[in-house]
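We call the chains A, B and C, going by the order they appear; numbering starts again at 1 in every chain.
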Amino acid sequence: MTAMIDITNAEKTFTMHMQGGVELPVVRGVSFQVEPGECVVLSGPSGAGKSSILKMIFGNYRCDGGRIGIRHRGAVIDLVTAEPRQVLSVRRSTIGYVSQFLRAVPRVATIDVVAEPLIANGFARAKAREQAGALLRRLNIPERLWALPPSTFSGGEQQRVNIARGFISDLPILLLDEPTASLDAANRAVVVELIGQKKRQGVAMVAIVHDDEIRHLIADRIVDVTSFAAAA
Amino acid sequence: MSEPGTLVQDDQPLLVADHLGKNYGRLTACRDVSFALYPGEVLAIVGESGSGKSTLLQLLSAQLAPTGGCVSYRMRDGVLRDLASLGEAERRFLFRTDWGYVHQDPAQGLRMAVSAGANVGERLMAVGWNHYGRIRDTASSWLERVEIDTARVDDAPRTYSGGMRQRLQIARNLVTEPRLVFMDEPTGGLDVSVQARLLDLMRNLVSELGLAAIVVTHDLAVARLLSHRVMVMKGGRVIETGLTDQVLDDPREPYTQLLVSSILPV
Amino acid sequence: MNAPAYNFAYLDEQTKRMIRRAILKAIAIPGYQVPFASREMPMPYGWGTGGVQVTAAILGPDDVLKVIDQGSDDTTNAISIRKFFGKTAGVATTTSTTDATVIQTRHRIPEAPLHAGQVLVYQVPIPEPLRFLEPRETETRRMHALGEYGLMHVKLYEDIARFGHIATSYAYPVKVNARYVMDPSPTPKFDNPKMDNCPALQLFGAGREKRIYAIPPHTDVVSLDFEDHPFTRYRFDAPCALCGAGDSYLDEIVTDDKGGRMFVCSDTDYCEQRQQAGHRGSESAAPHKERAHV
């Protein structure tokens, strides 16, 4: 197979023990593939399970069945059965995730938040910061803010820091959860540009985008999540 | 999604717990715990008071003899050895060199009446360092790494604030470049702002030094920031285990769901 | 007091045997603290009850006993212990270091070299050198057993950190026979080198703490130190005012309330022997010189 992501019949159900053990089926029979350089956009109404699927691909949500094959370091690894250390390895060198919300350690400077994934992959600190700075500049985060922790920033600024952090590494797979949600037109354009650049580098992407215009700009293919809806 | 720092890849486990258990008479403090910890990996043990997590930490660090099962550790020569088979001298040597132990109360892990320099230097002197100037210089550079003003190197920790004491305790433990550090509620009893600084420091040190760590905490935020993996304990058993963000974002067991849902929103 | 009412040297024979067994064990394991069943003695703790029991256990009728307190034969403590054994054992006593076969001492080692066949008995207040930093007896015993002596250097490190040099001037820790770290009792560190390779047997008794330890003749005794802060002896930089000795340990004696002082040998026997041999210091020729200043 050449696909970077190959999902077959993945399913997920939440059991809410706090609500008397209510079973909450989320998705079932999730099956699709993503090729290198392709951007697949998940579509469907709110609550259809788009974010859950993204989290399953990242190994953040555990699957109850099926298979999530990821091409990792030249071999295919099934995230549904992988050991925790293997999942961590996949996240470090194969899959990146850009969420809507930034979750960073208090007190760490913005520039270091962005540079961290590179440093974790063995880049020298100075080199990593240089690249982080370039990306922050491109995303219109003023240089005077770089030394501050992003927790004090506005929602839009935080999201741009998050995008910089997500896009800085050269990972072959990127998962994008509403990367443009609270951005203005200019910054949305920058993100679209960044996504185009990743595509040309052969990065496989799965994205959730609500904005029709953006979706149109980045999607190579649309997967309708409603077909995976699990009957309650 | 924020991830704890680099995980050094190594296929050989550093520490292996095999069906570990401890009874006090009829009372079971801990039962049937098995896991493997790899070099550079940070494992958080979470649970409420009385869940057996502190007992487990003592079993893992050979301070308590198990009533069942065993703990093995990969020594620096690469041989995996049952801790119970080590002589007391070997065990204590391990404790002073290849391991660190960070107590919740720094007064337990420090000598409060002797200078910070001597506190950090003690492990060096224990392994035969015999040059005052070099010991003091090394101690000073460690104070710097844990963000303590080196001008305070000759002051006793009883003149230090709580956060400084905890950072000093960490320096004292790391000076011999251990491969494994045990931490028992390392941020307990500290102000929130001080906690944040300490967590940030520990996170960086752990990833820079490629340390493996076992952190006991009841604070899920500490687990999220520091650990790669989590074990949830209840009634002396491990009831759920997995990647930290998996367990915290997608908890499966009723008790884990209760723990996660009990975090007060800020 | 009626001497025959007491057993020879006060203690009963069974007790002496018990103490001798402890002494033999102590000699067999140089520097190791052997517990013993310390008895109540007719003097308070702190007055040398440990030393007295050791002396009582080793004393024979032919022995010649010398007792010194801070080097002096004529202080209260020295005199009363000497008289105690004079009465209860009827042994000969002396103030001469060379003539004595048993010398009980508090806080000094005589200046005159000891010779083979002599026994030096030290009175010890706190036998545990690690006590300063480790209050738990179980822990200090384990540290001795495993030879974990890093803590001893912590103490010396603290000295340098605080005072710029190793300020410990008495009870300066030593390593005996390359194995046990030992407290030499509160002798000045000036005396430490005398313990090394000494031809006499050295016994240490701590009555309150119930410990006996020993340095057999010709044993290596090394004072602990750092490479960059080596062990050094210390003495006042002056000759003895009475005998002119430039090599003896000196006591500082305040002579008036106007800052007048003089330095004299702490070892009274040594000082007197030198004076008899014709040596003179600044004060000996004119004993009332300070009065002339008034």
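Some points to look at:
Note that in this section a residue touches a chain if its C-beta (ideal position, glycine included) is under 8 Å from a C-beta of that chain, and two chains touch if they have at least 3 such contacts.
Keep in mind the model is a prediction, meaning the values are calculated, not measured.
Among the remaining chains, C is positioned farthest from chain B, on the basis of C-alpha centroids.
Taking the mean of all protein Cα atoms as the centre, the chain whose own Cα mean lies nearest is B. Separating the centre of chain A from that of chain B, both taken as means of CA atoms, is a distance of 32 Å.
Chain centres here are Cα averages; for chain A and chain C they lie 77 Å apart. Taking each chain's centre as the mean of its C-alpha atoms, chain B lies 47 Å from chain C.
Taken residue by residue, chain C touches two or more other chains at no position, since every residue touches fewer.
Here chain B touches chain C in the complex through residues 88-89, 92, 96, 111, 113-115, 117-118, 121-123, 125-127, 130-133, 135-136, 153-154, going by the rule given at the top. In the complex of the two chains, the chain C residues touching chain B come out as 133, 142, 146, 148, 150-151, 153-154, 157-158, 160-162, 226-229.
Interface residues of chain A, counted against chain B in their complex, comprise 14-18, 21, 55, 58-62, 84-85, 87-89, 91-92, 97, 99, 103-108, 116, 119-121. By the touch rule above, chain B contacts chain A in their complex via residues 1-3, 5-7, 9, 38, 41, 196-197, 199-200, 203, 207, 225, 228-229, 242-243, 245-246, 249-250, 252-254, 257-258, 261.
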